[in-house]
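Just dropping this structure here.
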Amino acid sequence: MFILVNLKAYPCDPIEVAAAARDVAAASGVRIAVSPQAADIARVADTGVETWAQHVGPNGVGSHTGSTLAEPVADAGAAGTLINHSERRLRLADIDGAVRAAERAGLATCVCANNPAQIGAAAALGPDSVAVEPPELIGGDVSVATADPGIVEDAVAAAADVDESVEVYCGAGISSGADVETAGELGASGILLASGVAKADDPRAALEALVEPL
Amino acid sequence: MFILVNLKAYPCDPIEVAAAARDVAAASGVRIAVSPQAADIARVADTGVETWAQHVGPNGVGSHTGSTLAEPVADAGAAGTLINHSERRLRLADIDGAVRAAERAGLATCVCANNPAQIGAAAALGPDSVAVEPPELIGGDVSVATADPGIVEDAVAAAADVDESVEVYCGAGISSGADVETAGELGASGILLASGVAKADDPRAALEALVEPL
Amino acid sequence: MFILVNLKAYPCDPIEVAAAARDVAAASGVRIAVSPQAADIARVADTGVETWAQHVGPNGVGSHTGSTLAEPVADAGAAGTLINHSERRLRLADIDGAVRAAERAGLATCVCANNPAQIGAAAALGPDSVAVEPPELIGGDVSVATADPGIVEDAVAAAADVDESVEVYCGAGISSGADVETAGELGASGILLASGVAKADDPRAALEALVEPL
Amino acid sequence: MFILVNLKAYPCDPIEVAAAARDVAAASGVRIAVSPQAADIARVADTGVETWAQHVGPNGVGSHTGSTLAEPVADAGAAGTLINHSERRLRLADIDGAVRAAERAGLATCVCANNPAQIGAAAALGPDSVAVEPPELIGGDVSVATADPGIVEDAVAAAADVDESVEVYCGAGISSGADVETAGELGASGILLASGVAKADDPRAALEALVEPL
């Protein structure tokens, strides 16, 4: 099970969360990554934690100002990138372009989408993984297991119908170790979470509680 | 074979093209539709030609200003709509939303995309049809048959892999009756074209030449 | 005082509202316009009411699919257009382009913005009018007179600082005749409203109540 | 005269350009800044050169994924930021928001726009500076002095009409020391340039030639 902690634009200390994630990953053997702001990638990666970008653009090198080029993100130490997060929706052609740009730079890719039909579409673009983010669960306290377990199972089936090699992550509704277990039982091979760790008083303790059942 | 004439924002007389399309369709038995500006849908539909919108938004009724709601488009007489045309790219979630909104309004849907991977993604959203628009052929004089026949075959295969019921149209590189024939041989069941008819000195003659081999 | 009724994407009967607006305008001598979906402009304009588009794009004629070209909107009978409504925000360069496109088509222009600084910016682009839409008042039941009268006065001052010929409308927080009067006293020469008329059980009565104090 | 070198998404070595800019600035006394990709800000700033972001978003801290928050950009060492570059156009409300966000983070702001009307609009939002980028000069070899000197003078006048404290930079058409001199004579207090330095075989020599007449 892969755990990705999205720091969004939270006013947290990215280094504190990164160090905690690195240590909990080492102690538990669970793969944990942290996704900071682009300007923080280098110093987060310097902690030794697996680091992901929150977004890369579809463009390659060239006359593009204010975009997030995949190559400098990889050079700064990122190992992967989210694409099309619900807070950074992209045009279909740009998701395709961003997956290609990330692949060229050697970044793992996870394309987010919010229902099984879109998960099938995302899988058709050939990313390494997709993450299903049911809109009704984003940012809430309701767990996916109690709210709508079917959507994860349907997303797993939709992705497999299109491309069996694409992993499916659960992108919302996870806040406890029990939720992580449930996501795994529903077919997810990873989870995305944000405020549960990034805004926790004690991010280390929050991560330890998440991985405890694994 | 279905022929869709996109009038774009050309300074043509939409009624002249509509009347020509209606008459050539009746004389030849070939299904021909015309896609005008939203403000022109009602008077184009009044000619009796099959009429398509160039775009509808993902939203349903509600507090949305300046969007193109599917219902008024259908009420004005449209029978279908393009979605995600290369000149009106949408976010993945909005393509999904627009397909759903068009279905609720009873409009046929054609989602455009520019390569086989995106065609697979578009097909996963369950539209009635998809149209492949190879960027290198858009707006040019090169025919798809001479330039890149493989892309149409690959698009047909990509759509069929995901959903066999989705038809595939050829969205660029068509300007003659021979091109239409070739598109059909490559597996396309329809074509999109624009300036070849809309900017022709004699739109009726242009349409007659297109359907001649059919 | 100018009253513009924005029908948004509401499931109302645009003809019923248009006829009411036409009749109340004629009876009261107050200028009233109705702004429907693009596909409804022609039949709304056919009632004889002053008709506005909800949006026009920055482009002129050419290869633009799914945009709202100013010319067909004007040809369908519109006399003016909103630009940059809070539900259809545009890039600065596109607001400029849309004002120019609307002018070329003979449409009156009203650029919306949500605070005095943006109103100054909008006025610098030379539209006929600007509308201030304080975000905290949009869609609510709070009247601008009780909530934040200063923002209308500041918007009037900001526009006058840049270009004294640009009129200022009040774009939110209006639901009664008393609100209309207050807006006028604060320096507004027009108002935009939507649900208060478009979703009223009796649009005619709602309009009569609005113009009663004028 | 301020010289800002935009590295865009060019495949150059940002540290090489940064070190050259730092040294030429020190030797000549001319203020020179370098604007790299967000992921490169920290290491560019570490060279000691004045560093600018290419873009910051309008949002403050919170649930925003894949945006470029002003605070981490400032924390990484940036002293200023471009906003609304022609390759990263923003909605009017977002330009306003980005100027406010940059101010809160202590970043100097330069809002780009492409004609005098838009420059007036940009100045009304209260940034520290604006940059006029005539579209016909962007990325070309034609100098602003020979092509269209009037547009710089008109931009300077448009900004001054709205707010005399806003500086005006010349954002295109500069490739030689003579162009820099001309821009200054037309009223610009700074210049933006990109490929002339970033893609030069010898960025240091290119910068020395630019500052030579100053």
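Each chain carries a letter (A, B, C and D) given by its place in the written order, and its residues are counted from 1.
As a convention for this text, a contact is a pair of C-beta atoms (placed from the backbone, for glycine too) under 8 Å apart; a residue touches a chain by one contact, two chains touch by 3 or more.
Which protein is which chain? UniProt says A, B, C, D = Triosephosphate isomerase.
Owing to the predicted nature of the structure, the values given are computational and were not obtained by experimental measurement.
K.L.:
Which chains, if any, touch chain B (Triosephosphate isomerase) and chain C (Triosephosphate isomerase) both?
P.N.:
none
K.L.:
So, what's the distance in Å between the C-alpha centres of chain C (Triosephosphate isomerase) and chain A (Triosephosphate isomerase)?
P.N.:
Inter-chain centre distance comes to 42 Å.
K.L.:
Please report how many Å separate the Cα centroid of chain A (Triosephosphate isomerase) from that of chain B (Triosephosphate isomerase), as a whole number.
P.N.:
So the centroids are 36 Å from each other.
K.L.:
Using mean CA coordinates as chain centres, what's the chain A (Triosephosphate isomerase)-chain D (Triosephosphate isomerase) distance in Å?
P.N.:
Using C-alpha averages as centres, the distance is 33 Å.
K.L.:
Please set out, as single numbers or ranges, the residues of chain B (Triosephosphate isomerase) touching at least two other chains.
P.N.:
Correct list: empty.
K.L.:
Work through the pairs of chains, note which ones touch, and then classify the graph as line, ring, star, complete or other.
P.N.:
Contact pattern: a closed ring, each chain touching exactly two others.
K.L.:
Throw together a list of every chain pair that touches.
P.N.:
Pairs of chains that touch one another: A-B, A-D, B-C, C-D.
K.L.:
Would you tell me which residues of chain A (Triosephosphate isomerase) are touching chain B (Triosephosphate isomerase) in their complex?
P.N.:
84, 89-96, 113-115, 117-118, 120-126, 158, 161-162
K.L.:
Spell out the part of chain C (Triosephosphate isomerase) that touches chain B (Triosephosphate isomerase) in their complex, as residue ranges.
P.N.:
6, 8-11, 36-43, 53-55, 59-69, 71-73, 75-76, 78, 82, 85-88, 139, 194-195
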